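Across the two complexes that follow, chain A remains constant while its partner is chain B and subsequently chain C.
Let's turn to the complex of A and B:
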């Protein structure tokens, strides 16, 4: 209320200031319960985990009794060959599934982006695998991979070919779990790509046809570049998820044979349940969290960068309009 | 440069027929303009010629070759889209050169062509920009440039000037007219602006609701419209239509009685009822004129004025030479030349 007669009540300036401050604080008051839940529900467990990662802690102890060991868990892990192997397996697994799923998902979307009757039914069928619980997916594939009664080896046998030790050979096991993951998650990439494709400007594609572009050239020069932002986000989402996969592999191979399919999350599970080292398990979780965090931040930065670029482009358009 | 023929072209969308049996031949190197009100099927016709829209029935021939079922890229044509259809991820230069790059043309040659066309269209300063950073008019010019850099045998334009301001539109129209003298190409041009149609077209095709109402040179359409629709559509300000009757070599209506030339009105109905069409420019001021005209609205344009008044109860627009502005409320004596008179059958709307 600067200058001029104040028409509003109350007249007392002190009261007015207090009231205005209260008004400004109101939104925070409403958000407070949610923040509290978030803090307790999210930060408390993470804080707990960070704290535990500095302890030498076995499940028989209460957390207060555990010995504080500083960075020993972290340093120890850096030299731990089994942990290193699990990181390597995780990286191979994540890189393989994401690249295969991207190629297959985008390829399918490009093929099925047609106005044909029955297409909506086909699309629904395609996304079914995504809706099955991971445990069930693991079980289904374990049975299909079964050395003697599984559908794959029976088929191979009926063709007169040698059976393949899908899950029992270290050479095949990782490939087998990759195939299962690809089966489950390609639909995710497919759906997002299809949505991106269907929102492309139709007329630009028509212009490309008149300009003499073949089907393949339309894909390469027009469709893929225009889908790129969606594809990048999709790939990052899949990558983050691939680093955290657990149930499917747990059910199919439980990390074996040997360490061939032991991804980090399985390693954590074993460290805690089998080796009873809660502190080391927590430190591994922190390492995994860091990897995922880096990816998430990358995604966030990418979004920011695009927003900034769009804003600049719009500003220049406004300039052009004015000129 | 091939002749383009449309034979009995039909188009259904779902169940609805938007075009029935269109027949049209466009001569070698001709500039054909399709005009008509919104929704009459101009874009549809153009898109069928381009191969972007399936043909329900009929044939399209380019230079004697049946292209009805061919892909757009096998028809050797360039097109400017009504909604620009620029490639959002390419800058102006790459948008314009896309077709040339697909043809694997020599880099230096591509560069030269893009620069030449950009120069003509005033886009030189914007070559590095993406379409999203351009104004509507600039985008439209890029769309135009993308077609002009190409060496296609046929150019299709779908309202390429609709988003430009009046001055720029005038410039671009002149530029197009000049381009058209320079390059002997088939050009098919869609517009609903009849000034564009009249100034650019060798031949004009007037369409209405998926049908061709008349095909002819601008002069033919202006002087001898074959029906009421074409008469009303071509010419600005538009033709006045008045109910009348044929009586003893004259046509008579409320507020006017005009002599007919010999042999006119042969086809009139037995009742003698006709619709009289008079262009605003058909009137002239004459001391001996037999039409008294009280001015209700006077728009002074300089050398001429457009006056609005009444003949009987019908509102009429008149365009006359005016050395000085005409005042509202003044009564003028107007005359009409018999050969400026158009007569139409009120039922069939055909010219008599």
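Let's turn to the complex of A and C:
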């Protein structure tokens, strides 16, 4: 009945309106499955979690049977030393990996900004660590850190040095975990900053060189400021991802020894799976979300502010030159 | 680390003398001395040494996994140098004993856990990928072509979704999937999670590809009497293949690698590979050879994708970083 070939339509006004109506519905039909899945699989669960964070709820109960306790989960967590420790560990971990990876990645990009033969092959090699399952990355590093069969302690031993308790001492464990993350994600920063560097306007660099700027001056006053927008977004992406790390640490240390590597994500997992306190776990999740949100927004605004300031400085310099 | 620290100092002499010493003004008459129109500095040998070191650092741990998976426990524990050993496939045979067409001699008791998990992982990751692409492409098309919802809304949604740590979804997914949907311990349950998790990103990346499809092409098809579905399937889809590839790789990778949600949602018979790996980890007496072989099998599909489509992967990873 519906939708004959287009050239027959003008002869039949009724068919035309029917067809037009069908066309008007099409966008809704196209979007409907996505909206449905997102509502059922994402929005509802997140709303549900907000509700659950006000409940005293154990996994054996249906949510309707759980007792409403108001803000008790939130207040309780504020005074909970283990939770505070996990927040501290998370912040230290995120700050350390983002700053180390940014310095190393950008530094390497500045150093290696040449005409590279086989750059695409190199990029492929560098993204391998990011593509492999975090579980496997954790496995590899746990093996390398192994006190007796691990490659690090074997090497130290063959040099006649004391072995290091990489994962078994609370002083070393967090550093070891950070090293693994740096290995996995520095290439990300490197690839992005190299791309940014190679797309800089040649004229600015040429002008600086003609004016006699040294290598360092070029880096500090031209390259880095021009790369800034990309660098800020890169750091932002890394920061967000640093809060999502879970499996690598789970496999390497499972949060130990003690609480030395127990990031908030791991704490949530243990609260839910081991301590069976779903309400507390939900409240922790909300806290974690808030921390990520605040940091992301803060960093985003800082980036905008820096960009705006640089633009003003440049505009003023141009004005001064014109005058 | 020390190699990198000494890098800049040693690399300097290798660089061509493009930059004059600081403070020395360069006059026009000096210009012809410098090689004309050098666009980018050439790379010297020291530079390639640094690159080689970096490649070794990136690949070393992965190669270590490969060699360990080919070693017997005896060779792993022995103090002989790491590369002197007789490679063997025994670990792989142990892991895959259930699906092999022959019975490996050294396997006394065949544990079917892993081969079952491998099947589960394949089903879950493939179905999630296909569904996400299907639903995501349709939505992205509607958003671009019918100006349905703002594109800003999609970007914002993608960014917000990217911010949510998976651990945060643990409580609600456990509660809802078990008590309300009754989907715990089913493929459908975990597939729903993965599709929902990946949709914002997939819609976001696909809409940027779709908006590059020239409108006149679609209009021409419509003039020839194609309905919106035909336009979508026969004109738009073939043109956005690179975007589809990037989206597919990302969805597949997440569904294939994901552990924490699969861990709470899936039971004995539906477990995926990451869950079985973590379950088989014990405090002591880990059979490193076998577990590395398992890890290798889990790592192979993402590695293949990387070798085939590193460009698309980088597009996906940097989505948002390059274009606003």
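Rule of thumb we're sticking to: the second predicted complex is superposed on the first by the 252 of 323 C-alpha atoms of A that agree within 3 Å, B and C clash if a C-alpha of one lies under 4 Å from a C-alpha of the other, contacts with A are read in each partner's own complex, and residues count from 1 in each chain.
The working rule: contacts are C-beta pairs under 8 Å (C-beta built on N, C-alpha and C of every residue); 3 or more make two chains touch, one makes a residue touch a chain.
Predicted, not measured: the structure shown is a model, and the values here were computed from it.
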Task = Give one of first, second, both or neither to describe whether A:244 is in contact with chain B, with chain C, with both, or with none.
result = second
Inquiry  = If we overlay the two complexes on their shared chain A, which of chain B and chain C does A:314 touch? Say first, second, both or neither.
reply    = first
Request  = Between chain B and chain C, point out the one touching more chain A residues.
outcome  = C
Key: Partner chain(s) touched by A:289 [first = chain B, second = chain C, both, neither]   = second
Message = According to the stated criteria, A:81 is in contact with first (chain B), second (chain C), both, or neither; which is it?
response = neither
First (chain B), second (chain C), both or neither touched by A:217 = both
Message = Is A:209 touching anything from chain B or chain C once the two structures are fitted on A? First, second, both or neither.
response = both
Key: Common ground on chain A, meaning residues reached by chain C in one complex and by chain B in the other   = 209-214, 217
Note = The residues of chain B that touch chain A in their complex are 50-52, 71-73, 77-79, 81, 83-89, 98-99, 102-103, 126, 129-130, 132-136, 138, 146, 150
Note = Residue set of chain A touching chain C in the complex reads 3, 5-7, 23, 26-28, 30-31, 33-35, 37-38, 40-42, 44-46, 48-49, 52, 57, 59, 62-63, 104, 107-108, 111-117, 120, 122-136, 139-141, 143-144, 146, 148-149, 151, 154, 183, 187-188, 191-192, 195, 198, 202, 209-218, 230, 233-234, 237, 240, 243-244, 246-247, 250-251, 264-266, 268-269, 272-273, 278, 281-282, 285, 288-289, 292-293, 296
Request  = Quick one: which bits of chain A touch chain B in the complex? Just the residue numbers, please.
outcome  = 201, 203-204, 206-214, 217, 221-222, 225-226, 310, 313-314, 316-317, 320-321, 323
Note = Per the touch rule above, chain C residues touching chain A in the complex are 4, 7-8, 11-12, 18-26, 31, 39-43, 47, 50-51, 54-55, 57-59, 61-62, 64-65, 68, 76-77, 79, 82, 134-136, 138-139, 141-143, 145-146, 148-149, 161-176, 179, 192-193, 195-197, 199-200, 203, 222-225, 227-229, 232, 253, 256-257, 259-260, 263-264, 274, 277-278, 281, 288, 291-292, 295, 298-299, 302-303, 305-307, 310-311, 313-314, 317-318, 320-322
